[in-house]
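Just below sit the structures, each encoded as structure tokens.
Both complexes below contain chain A, partnered by chain B and then by chain C.
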Partner chain A sequence: MGFGVVGRALARLLLEEGERLAKRRGFRPIVVGVADSLGAAYDEGGLDMLEVLGAKERYGTVSKSSSGVRGMTGLELLGTVYADVVVEVTPTNLGDGEPGLTHIREALKSGMSVVTSNKGPLALAMPALMELARHRGAVLRFSGTVGGGTPVLDYGRRLSAGDYIEGVEGILNGTTNYILTRMTEGLEFQEALREAQERGYAERDPSMDLEGLDSACKLVIMANYVLGLKATLRDVEVKGIGGVTREEVAEAYHRDYAVKLVASIREDKLKVEPREVPRRSPLCVWGVLNAVTFKCRRLGEQTVVGRGAGGVETALSIIRDLAEVKRNLSGSLGGWA
Partner chain B sequence: MGLRLLVMKFGGSCLTDGDSILRAAELVRDAFNRGDGIVAVVSAMKGVTDRLLNMVEGSLRGEDVREEIESLRADHVEATRRAVGDVEVRGEVERIVTTTISELERVLTAIGYLEEVTPRSRDYILSFGERLSTPILWGAIRSQGLKASWMTGGEAGIVTDSNFGEARPLMENTRLRVEAKLKPLLEKGIIPVVTGFIGEDLDRVVTTLGRGGSDYTATLIGEVLGADEIYLWTDVEGLMTADPRIVPEARIIEEISFEEAVEMAVFGAKRMHPRALVPAMRAGIPVVIKSLRRPEVRGTRITGEVKIGEGVVKAVTLVRGVGLLNVQGLRMIGMPGVAGRVCQLLGRKGINIFMISQSVSEANISLMISKDRLYQAESLIENALLGTGLISDVYVEEDVCVVAVVGAGMRGTPGVAARVFKAVASRGINVRMIAQGSSELNISFVVKEEDGEEAVRAIHQEFNLSGKT
Partner chain C sequence: MGFGVVGRALARLLLEEGERLAKRRGFRPIVVGVADSLGAAYDEGGLDMLEVLGAKERYGTVSKSSSGVRGMTGLELLGTVYADVVVEVTPTNLGDGEPGLTHIREALKSGMSVVTSNKGPLALAMPALMELARHRGAVLRFSGTVGGGTPVLDYGRRLSAGDYIEGVEGILNGTTNYILTRMTEGLEFQEALREAQERGYAERDPSMDLEGLDSACKLVIMANYVLGLKATLRDVEVKGIGGVTREEVAEAYHRDYAVKLVASIREDKLKVEPREVPRRSPLCVWGVLNAVTFKCRRLGEQTVVGRGAGGVETALSIIRDLAEVKRNLSGSLGGWA
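Let's look at the complex of A and B:
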């Protein structure tokens, strides 16, 4: 579902790495259907993804490929072909989560597992979607939603299985971190934003990043998956970086601090706000890097640093999730996990 | 929305006729006029669910049930006339009742032809009780000059699994849907009037939550909306220290904790859904049981606080309809897994174990199960284990009952058990089996059926539950 930057990166990755995955991991994903906003293409025996990619590049829609159907929606595709797993990578929508929310819900309802990098549906209805998956015996994976290619979520989850995680602090959005970094180096907010857009770090409409909503979504997902809270986006207190000035940033820097957009969970309270972080703290990363610190009762602070999300990073996380789903499926079939 | 939010559930036992529905509407009106937000949850009228079941049975036998359907229609039309004053609204409700009844007739006819009823269609038919009563209360509330909107539990957003007859809600999906559906109504000052007992599964098929499920509907909605109080209006004035038919001087318990009330519900004090209190407990919302006929009586308030001041024992109840299954064998001694094996065998057949006890010698396991499954359980264990050398005998005792003594004050108070059993012994009653959970909230023991009532009276008196000095 969805054939934008991430969807296409995934398709290319599968073409390039398919053989290796099959040989080394016994894992051979076959794409039986693809939907974009203009139509869909499907073939139960497996699509020729090279051709589908070509059609998308040339005509802007997969429905122009030889197995394409113009105007077929993602939902119709779900009802037409059988798949073990649905990969949901439509754009994030924080209003009502659509169309991703319906795709995920319908797929899980019919027992198909879902891998997604779409934060909207999870931020709005994660507890309900997890429940649905459990109820239907399907798997829902979303490791690319936080930390891009870096498996932050599973790292945190493993930690919390043994130790008790008392709090989380994270710099979860590369765009705002880049802007704040450049402001530390003397740029005004507007200049830094323009530069981020020119370099492709920020979207043309950067409001989701700047207002802290992207970070808030990631925080919700972390709260549910790592800490087992039942939170949705409404439970997050959010403040963006709009009010941060160059002077403030410079002043903090002189005191050996840095202003960062920090997402935190403390005593089950979820919060996103610009805050000062000691420059010596491992959390204080620069540029488009992300970092998350898990505060554990016994192990102390554990910080994971990684590159934020890009097309390839997210596509990699999806392959990781697909492998995990396969492991689950073969486990439930009595195979070796 | 008012300052407080109340869920008011009207139980079938108190919805006997149009006048009682009118009284319910007046209670809703009074609370609304005090500034409270209200969600009303409605059961089927008294006896209707049983009548529906009888119609199903009748149709299966190929009988003509049109007369029963007609009398069901007449009863609801009559109730509408008494409860709904406004002529226009009354017409509207009567039309709904008529349409619903003809739908029921069609379904029953279909069952008659097929000579078969699936759990799924049984749930569908059972849902008609609430689908008939709810519009009447809706009309009665509107007749009082208030804005209201009626819907089934499924329409209100209660999503369940597809375990027909005893469906379990998918809590998180329910939360999402109920909030989206009811909150906007409440904000506009509209009173949602919701059928109890009914949910729907993911494919929008009607399911039921099991006997007494309307309480469950009320507490679920209460939890999701963060209600301040949940009122369960019924035909009794509250939970009692004992069944007044057994102990005439039994009295109403004014305050009780969730934990204690759950113990009492499990042991059948009020016909309450055993899981009904869980959502309220989770959210810490007080549940008040009150009489629709006598709303001025305070009733029983179930809260998160445990008040021990009133005495260690709160109530004593008698559970009938159970039997004892004894498994014996010297070879079981020191053999791990025998008890597990027995429980597993019963569990697989859906036979619920109420009580279990095993002597330390391990030579004997006693299980308390529902009487109607007793012999099935016996042959199950016999077939699986007798002859393996592991056990030497399986036998049942039918003429038994359970006495359950409930009270949070028993926790950490030494000597309560001694007082209980001394009181029983002083009446010459022999105790067959004893179980006390480590929560110490209740002591249950098994006696001969003919001794049950006397045992209850003995304990009631020993702990002075009637409150007489």
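Let's look at the complex of A and C:
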């Protein structure tokens, strides 16, 4: 479902790494259907993905490939071909989560597992979707939603085996971190934003990043998956970086602190806000980097750092999820890994 | 095998968290035997671990418990009771790896899986032990050997799914990092060392840490497990922090760098040496923290940061390993997870 930057990166990765995955992991996925906003293509025997990629590039839609059907929606495709796993990578929509939310819900209802990098449906309805997956014995995985290719969620999960995670602090958005970094180096907010856009770090409409909503979505997903809370976007207190001034940032740096957009969970309270972080703390990363610190009762503070999202990074996380789904389905465990 | 700081922390953790592990992971380990340097205790029906801990505390050996046999060696215990998994936590010995090496080898030979936090046998003979485990369909896990409770090894493994790790840089030893941090703050080497010993961060004989050997062992284990090399301790070029001066450290800090004992793998070359790291790099952590940066072809640099070893941290990693072994054995996969 969806064949934009992430979907195409995934298709290419499967073509390039297919042999290696099969050899090293005994894992050889077959793509039986692809939908984009103009139509779909499907073949129960497996699509020729080189040809589908070509059609998308040349004509802007997979429905122009030899197995294509113009105007067929993702939902119709779901009702037409059976798949073990549905990969949902349509654009994030924080209004009503569509079309991703319907795709995920319908797939799970039919007992298909779902791998997604789409934050919208999860931010809005994660507790319900988790419940549905468990109920249907399907697997729902979404590593790519937080930290891009950095396996933040699984890292947190792993820490919670035999320990208790009591709090989380994260720099979850590369765009705002880049802007704040450049402001530390003397740029005004507007200059830094323009530069980020020129370099492709910020979208043309950067409001979701700047207002902290992207961070808030990721925080909700962590809260549910790692801490076992039942949170949605409405539970997050959000403040963006719009009010941060260059002077403020410079003054903090001088005191060996840095102003960062920090997403945090403390005593089950979810918050996103610009805040000062000690420069020596592992959370204090620069540029487009993301970082998450898990505060564990026994293990103390554990931090992961990596580049945030990007097409290839997210596609890699989807491949990891697919391998995990396969492992779970063979072990016939439903719900979570 | 072994009932020192780590072994006892593990026993206590199993007592405290047993119910939770059973409920959340379906995992209820039974301890059928324990050996220390003076003797052993065993009961095929399961030892009363509270009593065994009490005997160890009061008399200094488990062999004084009601199921104890004075003078029975670990090796004899292995031949007497069958276990699904042997936990090897005797002291590290970089000379010949004993007694750990024999324990691990004999356990694997009998088809028992092994979980260990003992770096010696792995640093000296990891390729052979891996081969033996694979051959016998047993599982060999050792998460606690690198990064203490921080799951560094699995993090690296996970990154390598669908990506290539081309290099590694790590600050793998908390003792030396603490000393270098305090030198940055103005202390002389000897003062910093004394302070580290007073605080329990350095052992009375700190040579393994200071000379870089502890880091080198961990590097060997990463090289084998994460990069698939076949390395042993002899393949590492090692230089400790003995020659580092306070002036050098201060001068680097002034230029926004920090002197760290860095363990690295580049083009299959293993090296441990004091080196300058940019203060803004995620690898630049302070105090007793450890950090590892994996350089991935697609994902770029991925870093994990956490407190290094400690009894409880290591015990937690052993529990994670035990749960993993159980998962693998039920899936009847041999060798590696």
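Operating definition for what follows: the second predicted complex is superposed on the first by the 332 of 337 C-alpha atoms of A that agree within 3 Å, B and C clash if a C-alpha of one lies under 4 Å from a C-alpha of the other, contacts with A are read in each partner's own complex, and residues count from 1 in each chain.
Everything below uses one rule, namely that a contact is a pair of C-beta atoms (placed from the backbone, for glycine too) under 8 Å apart; a residue touches a chain by one contact, two chains touch by 3 or more.
Since the structure is predicted, the reported quantities are computational estimates derived from the model, not experimental observations.
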*Taking the superposition as given, does A:230 touch the first partner, chain B, the second, chain C, both, or neither?*
first
*Touching A:222 in the superposition: chain B (first), chain C (second), both, neither?*
neither
*A:128 contacts which: chain B (first), chain C (second), both, neither?*
first
*Give one of first, second, both or neither to describe whether A:109 is in contact with chain B, with chain C, with both, or with none.*
first
*Which holds for A:1: it touches chain B only (first), chain C only (second), both, or neither?*
neither
_Tell me which touches more residues of chain A here: chain C or chain B._
C
_For A:162 in the superposed arrangement: first (chain B), second (chain C), both or neither?_
second
*Considering only touches as defined above, state whether A:261 meets chain B (first), chain C (second), both or neither.*
neither
*State the interface residues of chain C toward chain A in the complex, per the touch definition above.*
13, 17, 21, 25, 149-151, 154-155, 158-159, 161-163, 279-280, 282, 285-286, 289, 291, 296, 298-307, 312-313, 316, 319-320, 323, 330-331
*Residues of chain B defined as touching chain A within the complex*: 161, 170-173, 175-176, 202-203
*For the complex, which residues does chain A have touching chain B?*
109, 125, 127-128, 130-132, 135, 230
